[in-house]
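Going by the order they are written in, the chains are A, B, C, D and E; count residues from 1 in each one.
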Amino acid sequence: MAVAERLRRPEPVNAPAPAAPELTVEGLSKGYTGGSEPVLQSVGFSIQAGERVALLGANGSGKSTLLRCCLRLVEPDAGAIQLFGSDVRSLPSRQLRSLRSRVGFIFQRHNLVGRLSVLSNVIHGAIGHARHPALWCQAMASGHWRERAFRCLEEVGLSEYAARRADRLSGGQSQRVAIARTLMQQPRLVFADEPAASLDPTAGHEMMTLFTRLVRSHGMTLVFASHDLEHARCYADRIIALQAGRVVLDRPVQAVDFQGLDGLYRQEAG
Amino acid sequence: MAVAERLRRPEPVNAPAPAAPELTVEGLSKGYTGGSEPVLQSVGFSIQAGERVALLGANGSGKSTLLRCCLRLVEPDAGAIQLFGSDVRSLPSRQLRSLRSRVGFIFQRHNLVGRLSVLSNVIHGAIGHARHPALWCQAMASGHWRERAFRCLEEVGLSEYAARRADRLSGGQSQRVAIARTLMQQPRLVFADEPAASLDPTAGHEMMTLFTRLVRSHGMTLVFASHDLEHARCYADRIIALQAGRVVLDRPVQAVDFQGLDGLYRQEAG
Amino acid sequence: MSARASRASGSLPPRLPGTGLLGFAAYLLAAVVVIWSLADSELSVTRLANGVPEIGRLVGEMFPPAFDRMPSIGRTMLETFQMAVAGTFLGVLLSLPLAVLSARNLSPHPALYYLARGLITFCRTVPDLIWAIIFVITVGLGPFAGVLALMVDTIGFCARFFAEAMEEADDGPPEALRSLGAGRLDMIASAVVPATLPSMIATSLFAFEKSTRSSVVLGLVGAGGIGIELMSAVDMYDYRNVSTIILCIFAMVVAVERLSASLRRRIL
Amino acid sequence: MSARASRASGSLPPRLPGTGLLGFAAYLLAAVVVIWSLADSELSVTRLANGVPEIGRLVGEMFPPAFDRMPSIGRTMLETFQMAVAGTFLGVLLSLPLAVLSARNLSPHPALYYLARGLITFCRTVPDLIWAIIFVITVGLGPFAGVLALMVDTIGFCARFFAEAMEEADDGPPEALRSLGAGRLDMIASAVVPATLPSMIATSLFAFEKSTRSSVVLGLVGAGGIGIELMSAVDMYDYRNVSTIILCIFAMVVAVERLSASLRRRIL
Amino acid sequence: QETVTMAVTDVAGLEELRRDWGPFAEALEQYTGFGVEFAPVTSRTAAVELLRSEEVDFVLTGPAEYVVMQELTGAEPVLGFSRPDYFSGIITMADSGITSVDDLRGERVAVGDVGSTSSHLAPLQLLADYGLDPQEDVELTHTAERVAYEALKRGDVAAWGTNYMDDYIRLRSREEELSPGAFRVIARGPDLPNDVLVAGSHVPEQTIETLRDAVVENSDALVAAIVEDGGEENLKYEGMRFIANIDDSDYDYVRDAYGAIGQERFDRFAGE
């Protein structure tokens, strides 16, 4: 915390002209087969380009499920999802792929390909754009991609580890590789599921600052799930909070009473 | 942070009579085959019964490796480890097992048995004590063990999920199951590798408070790796910090300048 | 993060790390062997294509399937089924400990590892015929000898694949069990077995299916079985019954496979 | 955490969740079938023990191994080796796409799933002899027919086990690739294959070893091979040469297994 | 009541055996007073080992197997099953230009499984009779009959040595494309020695005698039990006779054949 306190809150990002929202979710519901209660219940919100949104909620409140549903990595049960103006739920697979290639996704469990090298994992970030077998692993990729991936690794401070196998990393290192993979992707929108959970304090702040820089300079949009209220306060423009699968709070960060957020985490078991 | 601020710093735990230390590590070194530099370099410290020690360090500084080495889950290259007065490195396997059964270990990646139920995973906590096939899964365990495990689950707020498969949990839920498994074990010493990383803020503090209670009432000893300086400040009696595999700081929490800790995370790449 | 980046040493890693000259030579050798083998086997797509119409003739002889021998086929099938169940069951049972001994990450001692590996390999290397003869002169003609022969067959196959599944399993959960002070057996039963169960089910049911089809082993011990029935139909050029028997075996194999798939789906 | 505990509903879960009456009946049925099969197979440990001296006699006749036919054994071994390399190589190559189609989690369409499964099962169900006849009719006697027969054999085995390995693989990394907009092929090549590579290596090298040992298939198409050499030694009661050949095959099998183990150790 | 165990090599499965030999077994039980148990053992090696370990008492088998059993176990012949038209031939295609055995020099010849009397031993002895050294002068391919037949038609092999009636005639009669004239037989061997019922050396003389007498006395009924009541496979025994005074030297032709295939161990002069 002490560390965090010394970082200034970044200036608000210039909001773009109020065009169509980047992401609109309406009436989204999802229940896993086997689980008794639905995990998400008519969730709805809408996010503008260039916004940085923090998704808060207790353990098991449905944050990861929500992010997954937006890209149809998990098939929602009901509801409508508009992403970049396309209706995600009715998209044929080719268009869905091209849509996904423009959305970065940082998973809570990182989901690296363990037996490949760190560099190969980062190169995968470009696979949605180039759709070329050369991107399957670093040994086959052209020099151009390898260098770009290497620069992304430098960005997260892992360039020394480029040749290391991805399952021989520490928890924070593998988190960083997942972030580098997303940087490689140069996405228009990033879903990040607790992107700083395994990072040390400095790295966490640097990472969030990096994202903020991208949002500002490339007009990228960022939605991140987090348990770190400090991060939410410093790096989000807007807070959406889930409780037992429902949106219970959705307002600009300035209007959020962080002291009062405790209730969010109190009501729920699990 | 706001949440944390409101929690009072717990009173210092009464230190027990200065008996033999619970854990003494001397000159511990470890390098992974394949990795170029050694991950730990002549690490040494000594921990008294009833202490709560926070292990700090940047990503990749060797925290997880150090904890693993203490139980010989990873074989150290050099150095001496005294645990409960036994020389861990020369212990025959039977004694090593019995030693391990008295040490709880919460893994960074939780390491639950994914295809078994949550309850079975918690019951495993007792396996080192009872060494009985009935503890292999909940269906075979006696009512006594099942009930104890269930109470441990209640302790972490997951009793509803007892029958759920362990790989169908959210990140924080699986973290909690790992903690419940350690509670089930009733260990004398706990090594916890970022035990609160995936927990929501309230749960994180509750968990650390729970550990503190155990330390106080059962004379348990706690060593936890963490990136959460707030947790270190509130719940540790002592801070040990690693940097590139060396101990660079080892002193009581009162004597630590948390502002100055930034250096810890600055020097290191990866 | 740029502050770190500037300090970060390191440059682009080589494309093929750590292969070295020896590794490269090995790859080259493997490629040469494959090409040499392919070249020597007189592959020819035209020959293959030209011959295809001929196949029609053979298939024509098989249709329509004859059903005159259905009762006897059914009876043999049941007999085979019983022996296959017993043989595979015993084989799988014995495979489990052997697999543990011969899995690199679980074996208590390198000597035991090599011993167990050797034993399993031996089960496979000694041909069925010899095993059958050995068991027949040991316990006499009859189902027992058949069951033993199928058991050895199963061990040679299952123990090997069980061991491999165990080696591949994620080592996180077993590590957790070790850290709890669990013994080897506890660890295997509560972490390794759950992780490898789907693969073991697939392997075991494959072994069962293999046992049911296996003609050599059973024929020798005078145990008949559907495989022998099939062989003798082929020997008699009785192609319409051949196709009937193939269809029956196919149905059985598909049934076993569906069973395997549904068991696996539950636990995957 | 006790605050939460008080709110937490739920009580101890049942020991056997969700099994229900039907599930229980299925377990019971399985147990009955196994017991019935074991009972009918006249197991007897005393008979086994009594027969052991007979084994001694047989084994005695096999020693010492004869080395008079080493040159011819060596030659056949090389021949078999070549055919096995070619057949297994082609089989593994074809198994890969078939496995993808027949893996539940990767198959693009249920119809393709069942079609591919059926085809693979068919490869296994049609007996070697029929395959041999088909290939001889198509491409004539000789190594090409042998290679094709081994290929079909390999497909029936490898494609099935490849598919199963793919179904078992952790679905995290493939999910990440999907989220990156990767197509099915990209996803398979960059996430599924790395995850299943050790298992595929083991399966492929087992198939290779099996091809080398396989006497039936190769013998039928007149392609000779070490298996035939072995069978004819057995048929001629030439037990001392039998043991020589078994030893040779054993050495070969062990070599293949060590190769498999060392390749796997590198990537596990 | 005494029970004898009888193995039948050549018969593939228990089901076949029940079907083909069940009536014969019943008739035997009736005439001898023994219980008769049949065991189908597909491998002759297994049969030999069973005789040696005294697991079976009698084996009904072919000439080649008999020679081996006699050599290795001292088993003795009890009864011959003389069947008509049991001989081998060397078959070629009529348009292949091969008109004599001598033309086969350097050619590929298909034969049956190693050790089979009529499709391996006899054809090679036949080649030897015509002055070829089967080990050196031709290239041998062992394969199943149907495969050999197809290979012959394709021209993959120049000739096919096999059982004339059982394999060649039977396959030719099912042929739909080629007329019988498309084939040419360039050599026919003599009728082969009888199939034989062999008794293990451990079987008491008394038992053998009882069995032999019963068979000789009820010959017609037993033949009927084999041929008429038995299965399709037994049609090869149609017109058969039991030969009671069977002599070991009848099998010398087969012993020569072992010499021709390079197995001097079972050759006529091996023991001398």
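To be clear about the criterion, a residue touches a chain if its C-beta (ideal position, glycine included) is under 8 Å from a C-beta of that chain, and two chains touch if they have at least 3 such contacts.
Note that the structure is a prediction, hence the values are computed from the model and not measured.
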Smallest count of steps, each to a touching chain, taking chain A to chain E: 2
Common touching chains of chain B and chain A: C, D
Busiest interface, counted in C-beta pairs: C-D
Whole-Å gap separating chain D and chain E, where each centre is the average of the chain's CA atoms: 36
Whole-Å separation of chain centres (CA-atom averages), chain B against chain C: 43
Chain C and chain D: spacing of chain centres that average the CA atoms, whole Å: 3
Residue numbers of chain B (touch at least two other chains): 109, 157-161, 203, 266, 269-270
Junction residues of chain D, two or more chains touched: 3-5, 8, 54, 58, 129, 133, 137, 140, 142, 231, 234
Two or more partner chains touched - positions in chain E: 43, 45, 49, 52-53, 146
All pairs of touching chains, each written as two labels joined by a dash: A-B, A-C, A-D, B-C, B-D, C-D, C-E, D-E
Chain B residues touching chain A - in the complex, by the definition given at the top: 1-4, 6, 32, 34-35, 57-60, 64, 108-109, 157-161, 164-165, 168-173, 175-176, 194, 197-204, 227-230, 233, 258-259, 261-262, 265-266, 269-270
Touch list for chain E against partner chain D, complex: 43-45, 48-49, 52-53, 68, 72, 110, 113-115, 141-144, 146-148, 150-151, 154, 156-157, 263, 265
Contact set on chain D toward chain E in their complex: 54, 57-58, 129, 132-133, 136-137, 140-142, 219-222, 224, 228, 231-232, 234-238
Contacting residues of chain D [partner chain A, same complex]: 3-5, 7-8, 172-173, 175-183, 185-186, 189-191, 194-195, 197, 267
Residue numbers on chain D that touch chain B, as the complex places them: 1-5, 8-17
